[in-house]
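Following this line, the structures themselves.
Both complexes shown next keep chain A, but they swap its partner, so chain B is in the first and chain C is in the second.
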Partner chain A sequence: MKRLQLQRWSSTVLSPRARTSNRLHQHLCSSSLRHQSTVAAVQESTPELKYRLNNAHKRSANLQYPSPPVNAALDSAKLASLHARLYLPSRLPLQTLARTLVDASADSNVDFNNESLATLGHDLLTYYTSEHLLCTYPRLPLSVVFAAMYAYVGPKTLAAMSKEWGVDLATLPGGEVDPGYLQFKRVPPGTVLDAETEQNGKRKNWRKTVTSKVVYDDEFGDPIKGSSNSSVGVPAELARATSVRALMGAIYLHAGRPAAKLFFEQHFLSRSLNISQLFNFSQPARDLTRLCARENFEKPVAKIISETGRLSRHPVFVVGIFSGQDKLGEGAGASLLEARERAALAALKGWYLYSPLNVRVPSSMEEEGASPWNPAHVDLGEVIS
Partner chain B sequence: MATSLIVPKRPFLTLPFLLPSWSDSLSLGTRRYQSSYRRTKQRLRVKPDASFGSSQQVGDHIIHNPPSSAPSVYHTPNKFLPSNDARKAMRTQASAGYNATELPNVHKVEAERKYHLNPSDIEEIRKLRLADPMMWSRHKLAKRFECSPLFIAMVCEASAEKKQIQKQVLEAVQSRWGPKRRMAREDRQLRRAAWGRDE
Partner chain C sequence: MPVQGLRTVAAARNGVGAFILQCKRLDFNYCTHGGSSRGMLAFLTQTLPDFARENPQIEIRVAPRHNKHPVIKGQYINGKEKAICVRNMEPGEILKKAMILKDASGDKLKRTKKPVTSLNESVRGIWSPYHGDMRGV
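On to the complex of A and B.
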């Protein structure tokens, strides 16, 4: 099979504007330091033979670096195939894609690890997800919003996506490793990961309300952890999640906002999530009564729509909850109590899962030629009992 | 002797796939007589349903015959739609096949609330319950003051000693349970918790 001229191909892709060094790496580097771009080096090594000779000694020469040098990205088949597989915008160079796969625990130099890209990507992901959730389901309780956020862009989801994309883990990070592997320092076996929460458990016990989570906690409703000591190592899940976030940030920087939004819609929003399964009610009938009182509806009354086998071992009751003449919800159960609870639950979910027609999100105003903005639906919010 | 030589016909006729392919056209099973044709037509004659639509209807129309299933929670009830939603005006009252006022209630109809207790009565309820908790239980107080036990629970609380006694009684009862009853009780609680998750 004929060898692909990856180096030449990527150098055409790398326009001067898209180079990382122009935007992120402004201070001058002497020739002995690592460079973030290899465009100059590519132009020097024109003869094929010279290039191959250099290539043979490269791996041993790279041992001095904590992560693969930038020019190695052009030789990696893994990186090129990942770029093609994800259908990434052509303005995103392979060098930056390689940088998104270097965790801070592998390379502590902020110019070469993905920490800054991940910060940007995380903000973008949570912004796009939260605006989608709040505009599509404006009445969702906040605890459900937290759970949905975690399901869309939580670390577990991002790690699963990275696995689905075919990103492999490097056993040990180093300069000689193929840059197509995710480089991070592994946690030594036997390390207790949640040691911190045990210490602070007593102090944080009083903070349990959803309101306090809004104020003090992160976008998933979890307590914010202090900066983890990355010299010890990070779990594979966290490293994978960071690399996915960094990729989002890199797309935003190189290809712009529309491409980042498209990437988000294609890879994150397209995952199916049944929001109706995220609810957990303890007193649905009581909550429904309060809701109807708040909204000035008639008091909800449970009525039997149909039943079978009342005196048998397996009866089935179908109970509807009516407010006046209108049916609010319907549920089936093996006892009247169960059917009534399920009906009240269906009615509450019907309230909470209301979705307006023609949903638009605020970031859609960034598109060119967007129609004037209509305010999103806002109402009194969840039932507090 | 003659009867033993007769080959049983049934397996070959009812299982034609056992026969070689050339005998398909010859086998009796594939032939169709008038009697079997009539039977086939009879099977197809289904009682006409309202949802089938009458054949006299002119023009294109939609036949909507959904299977019996629980309604989707994503289908917001008409009452819960905000007033500016276009669907509120578009939806007509679908004929559910029943009148809500005629359906039987799940619970007995609550007695009309009297709101007859004044603060002095509530003070007395609290005093009685604290003075003799064994005598004045929630239900007895409710009967005496003609209100619901829930109201008694709302206005006062049992004393700490009474709660302790009740806890000991419960422990004594539970200590006599065997593994079967204990597991059945736990399963019931788990099922109850699953209602809230709609499982």
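On to the complex of A and C.
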């Protein structure tokens, strides 16, 4: 929040003892005996008055800066409480924490904004998340890996985390603002954010395959945008996400790799994500047939396990999909087709969500005294039909 | 397209990894000449420094509020505010009220009807009438 200019009336409102400096107040209080007694206190408290006046001048001197000066971080109660609330390592100084809250749209100077820290933090976050996903669920299709990455470290999740940490937004960035607020330039109302994608309804690229996304796109499978013009302003969600990434980078720089990994595990990996809900199959039965052909299983056959009320209004069929003697999956539905689709879906999810026991990630080898590395399970990949 | 991924946001579970205290800020308001603030003034001078030291996660503001009863206000991460009037209270009682505000989540008080609430589905699963053998009655 941008503060009001306290300079002029801070002496009259904030400090009850400094009232004599205001002529109007003197006039108002001239009839009251009790207020005269406060006038007597003025002479005792001149050091305090001076301190307040000095502070007011300091604040106005900060107006010339686009973001709060470095030494203001030590005086901010908000910043200190945020530091304690997140259990940040004591080696991460308040000044750096203040810097992670200054977006590039607020202060374009790279020495004072969080852009460089965010770049580092983004790389760390995506590295830790992707190795976790690939080692825990080695058979996940790539499109689901993209979705899971987005759910763990996508901008929406990071913005939600920043909210859950209690980071408040500054209405306007500036040097006199409390450094505990997230400072960024807001987008003016009516601005079209996705100007590139909406060019007269024409799409720029027609790449749709997952393979091309691996090569050309970012870690969420989105096309990489050029550097955004931050002088216009950034949405609050993006500013929040950048500040969370910058905090990750700052922890890595100041407290080292183990602290950064611990922070990642405590704040990011501890979130709940049901990966089995990220799948969207269009032809599960066909995919399952292809999968069985690839893995040299017997051809999958759907069989009714039990049924009730076939001629009634609410029939229920329980269908299992069998490959030889092995039941791959089972599903219940109101029609035979629906039950078969569900069974095929269960079978495919059972295959794709395989997770080895005792999962280790490559970055665990960076710990001291780590046991020798056993190769992680590497799968053939998803079924392409 | 064989399979597509659906985008969601991973749900927060406060306390599973790190625990974030939900009380962001405590405002202590007092009056310098009102008698109901006598305990509050003693609390501010004697107890509050220790309280603040023990709870560095909370931003603490002390401000005069003239000719009014003393009040403690808590600001929470969900944006809600809770206020407790502490008129005529002893410092010990005021500390208890501050602890109430500190430990609150900021949500409205709710009656919990189920003994367990969880994001995870039941391990045992739901009973199905279509599986298992028929039991003789």
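Keep this in mind: the second predicted complex is superposed on the first by the 323 of 385 C-alpha atoms of A that agree within 3 Å, B and C clash if a C-alpha of one lies under 4 Å from a C-alpha of the other, contacts with A are read in each partner's own complex, and residues count from 1 in each chain.
Operating definition for what follows: a residue touches a chain if its C-beta (ideal position, glycine included) is under 8 Å from a C-beta of that chain, and two chains touch if they have at least 3 such contacts.
Every value quoted in this text rests on a predicted model; they were computed, and no experiment measured them.
K.L.:
Should A:Arg340 be classified as contacting the first partner (chain B), the second (chain C), both, or neither?
P.N.:
first
K.L.:
Determine, under the contact definition given at the top, whether A:Leu353 touches first (chain B), second (chain C), both, or neither.
P.N.:
After superposition on chain A, A:Leu353 lies in contact with chain B alone.
K.L.:
Considering only touches as defined above, state whether A:Ala332 meets chain B (first), chain C (second), both or neither.
P.N.:
After superposing on A, A:Ala332 lies in contact with both chain B and chain C.
K.L.:
Of the partners chain B and chain C, which touch A:Ile305 in the superposed model: first, second, both, neither?
P.N.:
In the superposition, A:Ile305 touches chain B and chain C alike.
K.L.:
Under the stated touch criterion, name the partner, chain B or chain C, that contacts more residues in chain A.
P.N.:
Partner with more touched residues of chain A: C.
K.L.:
In the superposed arrangement, which partner chain does A:Tyr150 touch: chain B (first), chain C (second), both, or neither?
P.N.:
A:Tyr150: touches chain C, not chain B.
K.L.:
Just chain B (first), just chain C (second), both, or neither: which does A:Arg257 touch?
P.N.:
A:Arg257 sits against neither chain B nor chain C.
K.L.:
Return first, second, both or neither, reflecting whether A:Ser276 touches chain B, chain C, both chains, or no partner chain.
P.N.:
A:Ser276 contacts chain B only, not chain C.
K.L.:
Which residues would you name on chain A as touching chain B in one complex and chain C in the other?
P.N.:
Touching chain B and chain C on chain A: residues 277, 279-282, 305, 332.
K.L.:
Give the list of chain A residues in touch with chain B in this complex.
P.N.:
276-277, 279-282, 284, 297, 301-305, 319-320, 322-333, 336, 338-342, 345-347, 349-351, 353-357, 377, 379
K.L.:
Please give the residue numbers of chain B that touch chain A in the complex, ascending.
P.N.:
70-71, 73-82, 85-87, 93, 96, 98, 100-101, 103-107, 195-198
K.L.:
Quick check on the complex: what are the chain A residues that touch chain C?
P.N.:
The touching residues are 16, 77-78, 80-81, 83-87, 141, 143-148, 150-152, 154, 156-157, 160-161, 163-166, 180, 208, 221, 265-273, 277-283, 287, 305-308, 316, 318, 332, 348, 352, 382-385.
K.L.:
Tell me, which parts of chain C touch chain A in their complex?
P.N.:
Contacts found on chain C: 1-14, 16-18, 20-21, 24-25, 32, 56-61, 64, 77, 119-120, 128-131.
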